[in-house]
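Both complexes shown next keep chain A, but they swap its partner, so chain B is in the first and chain C is in the second.
Moving on, here comes the complex of A and B:
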């Protein structure tokens, strides 16, 4: 209990610094800060951390979209990419294209994305630093805790009470397709030296910025963007209750899955406690647990686990846990056993043990990422919504 | 122009720009070789050599045509011709990869036997054009049609030389210069052996690449 309070105090400070102090102490920053703190408290103290994580991501995704589109209108007067912005390399760098940019860069020393290296809103360098830090700490946890697109799918997947299409028997094929699509995008970006994901397949063009329709190919591209958005962000998440774009198309998600072994956290399944009820597999929005995972007693979800925590909350046997990825190796080296679950009699030792529990440490780290990334964007989004609301009221003569 | 000077020039051109050749060939070679049946070092080496043989044949034939026609073709030396040739290269290559994927995945041995009775000529043609060895040669031939800047420079050297013999030497040297960049492909069977799931991933990637080549890199630029 006291460890959770200490973590809450730390988080309150982080929220105050990034969300309130850096946003000029505005009333809306305080409102958003209070909301963030409330979510964190609920994540720590309730038994349904995933529910509050989803709420955070959904709110962040909506506010991000409002802020991003609002900024584009302020800067260019429309959501369309202007020739000037393209030639001046002023397109905001999106984390989804990191894998499609770094590999051609490594081979040719050419940056194929028209964004500024540094000193600009969403520059390449800032996104790379955020990505590297996220990769070595929370790994693919980024997708469930800090990605500003993921919340939309999370929101739509929560609309229906039951899934209309059951993907569980197809989970393995979904994973294979995801990695195939990733390989396809990488190879094509190498061959064409351009990000073909942005050219043809990105569903988020619809809510961020898009190429203006000037000819038939750009019309086809727009039609594709709309179709991919409708199918993978709205329809399939509602029908399947899964994050379909994240688990089928997203190149960043696939890369994070491949890099997940170097992150500090992982989920483990206690095969002795597991009764193969498959509730975790049904709940997993990323299709990272399937029948084979449980039957073959792998003891962990598949590579594409995004550490959202849905399986931890739903497991009736408490057989799923968050772990530090280095503890097993370290324990083996030191000749220690990890199965010792007796409570320490020393209060101070017990406090520190509680404080450094992997689940708490993970929620704290991942949420810190979410807070830092969301602070300015979400506050700006909130400001735009409130001012639009006030304007609407004043126009209506109320 | 002296022979040795042209040869050296082409060799250096190949060596200095080989990364781009390999980068263009990677989407075709990597999924195709990783996804081929009974993958082994020997088979990979043969497939890679066949692919590269297809490439050199295309290069030499184009070299001979351009050198034979000489400056008559100078008015065609513009980006439109290069783009057209590339678009056709994409469509042909996409179709070859698609055929190979279908033969590998859809037409299992049993269905082949069953279908042979219904339409033996069509089935034999499908198996002939879709097997790994013919796919390697045919995709190599089509890749040779893709015009990249270093290839364009070599073609120009051929036209300047005005001799078919010179053209063969120029393209042979250019081709030899690009060869070292293909060596990493030989490591693919070891990776697939270690992780068998890579084969399934490679086959699916091959399908996606084939569709992309045909529609997005081929038909859309060709029609619009």
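Moving on, here comes the complex of A and C:
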């Protein structure tokens, strides 16, 4: 309990600094800050952290969209990419492009995307720093805790009560397709020295910026990205209750899955406790737990686990845990048994043990990432919504 | 015992992993700017050239404030022409590009033109320039020495470098012609959102232009006139007196009708080389462009000279410190506001920030809306963040900006007043203090956290304009330099280069006789700027 209170106090400090102090102590920053702290407290103290994580991601995704599109209209008067922005390398760089630029960079020493190198929140270097930090800390946990697009799928997947299409038996095929598509995108990016995903497939153009339709290829690209948005962000998540774009198309997700062994956290399934009820497999929005994962007693989800925590919350046997990636090896070296759950008699040791519980550490780290990433964009989005609301009221004569 | 030790080790390592994650995440944002610099020093990132116009082969700076043609021309009185609109400051030539993805043309050649000022109003852009680029390909025979359209620019070209291609940019339209005056193709014209920069992409789909891929050196003539859709060659005529439909300042009917030409030195002599008696127009000389084997020219900088300047600066600083300390003593019993203000400033300059703050706060109590006091207190508040803990630092900077923004707000409109000859000396001083303090602050705080570099550029450029009108040359040059530093913080290297060169140009105008009349403070400023310019090879 005291460890949780300490973590809450630290989170309040982080929220105050990034969300309130850096946003000039505005009223809306305080409102958003209070909301963030409420979510964190609920994540820590309730047994349904995933529910509050989803709420955070949904709110962030909506406010991000409002802020991004609002800024585009302020600067350019439309959501269309202007030639000037393109020629002057002023296109915002997002994490989805990173995997497609790495090999072309190694070959040409250049970045195949017309974005600013530094000095901006959406510059190449700032996104690279964020990516590197995410990779060595929370790994693919980025997708479920800090990605500014992921919340949309989370939101739509929560609309239906039950899934109409069962993807569980096809999990393996989904993964194979995801990694194959990822390989295809990389090969195409090398062949054409162009970020093929952004050019043709990225569904988030519909909520950020897009190339205006000026010829047949741009018409096809527009048709493609609108279809991908409709199918993978709206329809399939509603029908399957899964994050389909993240599990099938997203190149960043695929890359982070491959890099997940570097990160500090992973999920472990206690095969002795597991009763193979499959609730975790059904609940996993990233299709990372297969029937085979459970039957073959693999003891951990598949490579594409995004550490969202849905399985942890739903497991009736408490058989699923978050752990540090080094936990098992270290415990063996230290001669400790992980199954030993006795409480420490020493209060200080007990406090530290509680504080460093992998689940607490992960939720704290991942949420810190989300809080920082969201702070300015979400506050700006909130400001735009409130001012639009006030304008609407004043126009309505109220 | 062994089990307890194992437990302690386990908990400690888990604890460190937790701290590593949390601190790593938080630090990656707080120290984002330094980390970005560090990462870039390893990766040396640049954008794949075909996206951004191709590799730059030449960037030629043209002096500012030379948009008077042969020295007498004035802009038309039509409201679309804002001061500096026709003043070319930078011309950039790229290498021709092939196989460019995600672009309108797969094969193109890009030329960039940057001007001193842009659109008056970004919502109603004014496309008021008529630009001609005449291109001589070295080694190619033939060519033309008269202009593309008769009676347009009123100019002729060097016999040694007749042009083979001419690019005409009229407002938003552009086309490339051969020396037989036949149109080869249309070119794409893109204006930057502020209107200062024009990017022209010439498609290289026509076989006639393919020689541009292989040419090693060429010579360019770049001419800037005022746009008119109705006149010869889309160039607005020049008359003795300016009007809505003509520029002013015509001294001869042989005088060129261009306001600026690309020439690194003084263009007026070249543009006034016409001969009325022999009916000869002024002859222009081109600028050489190396298209292949381009190596960055790093000037050799004498380290001994740098040491010499630094030593001189140190000596001057010591002298100044002594003088200022004595003056503080003299002002010990000061009671007048002007003396108290001087004392506060002296405290600030001698590094006694606490005393300076006390003095300024005392003065501000008496005069709560004094922009200069507000500006200095703003800077001092912000400086408190320098060695403070992160949250305290952010609070200090925010508090500082509250004062600084108020100082700027209180002095808004002074530049316009100055242009109309209505600004008082006190108003000017207040505005300069507000701008320089806020600019300095924007330069000092990390841009990745506060995003203030762009605001810093605006502040310094306005301060430079005030200094220019008021004839304060050192301040003007210093402001251009500081604006360039803010631009670098905002990752705008080419624009920073323009202002650095302008700082160097103004600096070079300061004569030794001026220097003798300078106070110690001014000489110290002069030396600081000299050191910066010398280190970058911009001053001798």
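Keep in mind that, in the parts below, the second predicted complex is superposed on the first by the 393 of 398 C-alpha atoms of A that agree within 3 Å, B and C clash if a C-alpha of one lies under 4 Å from a C-alpha of the other, contacts with A are read in each partner's own complex, and residues count from 1 in each chain.
As a convention for this text, contacts are C-beta pairs under 8 Å (C-beta built on N, C-alpha and C of every residue); 3 or more make two chains touch, one makes a residue touch a chain.
Note that this is a predicted model, so its numbers are computed, not measured.
Following the overlay on chain A, a side-by-side fit with no clash is recorded for the pair chain B and chain C. The wider contact with chain A, measured as residues touched, comes from C rather than the other of chain B and chain C. Of the two partner chains, chain C is the only one touched by A:130; chain B is not. Using the contact criterion defined above for the overlaid structures, shared-chain residue A:18 touches chain C, although it does not reach chain B.
In the superposed pair of complexes, A:187 makes contact with chain B only, with no contact to chain C. When the shared chain is aligned, chain B comes close enough to touch A:107, but chain C does not.
Of the two partner chains placed around the shared chain by superposition, chain B is the only one that A:220 touches, whereas chain C remains out of contact.
Taking the Cα centre of chain A as vertex, the centres of chain B and chain C in the superposed model span 80°, given to the nearest 10. In the superposition on chain A, A:330 makes contact with chain C only, while chain B stays out of contact range.
With both structures placed on the common chain, the touch criterion links A:26 to neither chain B nor chain C.
Of the two partner chains placed by the overlay, only chain C lies in contact with A:86; chain B stays clear of it.
In the overlay built on the shared chain, the residue A:356 is in contact with chain C alone; chain B does not reach it. Superposing the two structures on chain A brings chain B to within 6 Å of chain C, judged by their nearest Cα atoms. Residues 104, 108, 192-193 of chain A lie in contact with chain B in one complex and with chain C in the other. Across the complex, chain A is touched by residues 2-3, 5-11, 13-15, 17-18, 20-22, 24-26, 28-29, 32, 35-37, 39-40, 43-53, 101-102, 104, 110, 188, 190-193, 197, 199, 201, 390-391, 394-395, 398, 447-449, 451, 453, 489-492 of chain C. Those residues of chain A that touch chain B in the complex are listed here as 104, 107-108, 176-177, 179-181, 183-184, 187-188, 190-193, 196, 200, 215-217, 220.
On chain A, the positions that touch chain C within their shared complex are 10, 13-14, 16-18, 21-22, 24-25, 75-76, 82-84, 86-89, 104-105, 108-121, 123-126, 128-130, 132-133, 136-138, 192-194, 199, 214, 264, 324, 326-327, 330-331, 333-336, 344, 349, 352-353, 355-356, 358, 361, 364-365, 368-369, 372.
Taken in their complex, chain B has these residues touching chain A: 19-20, 23-24, 26-27, 30-31, 197, 200-202, 204-205, 208-209, 212, 216-217, 220-221, 223-224.
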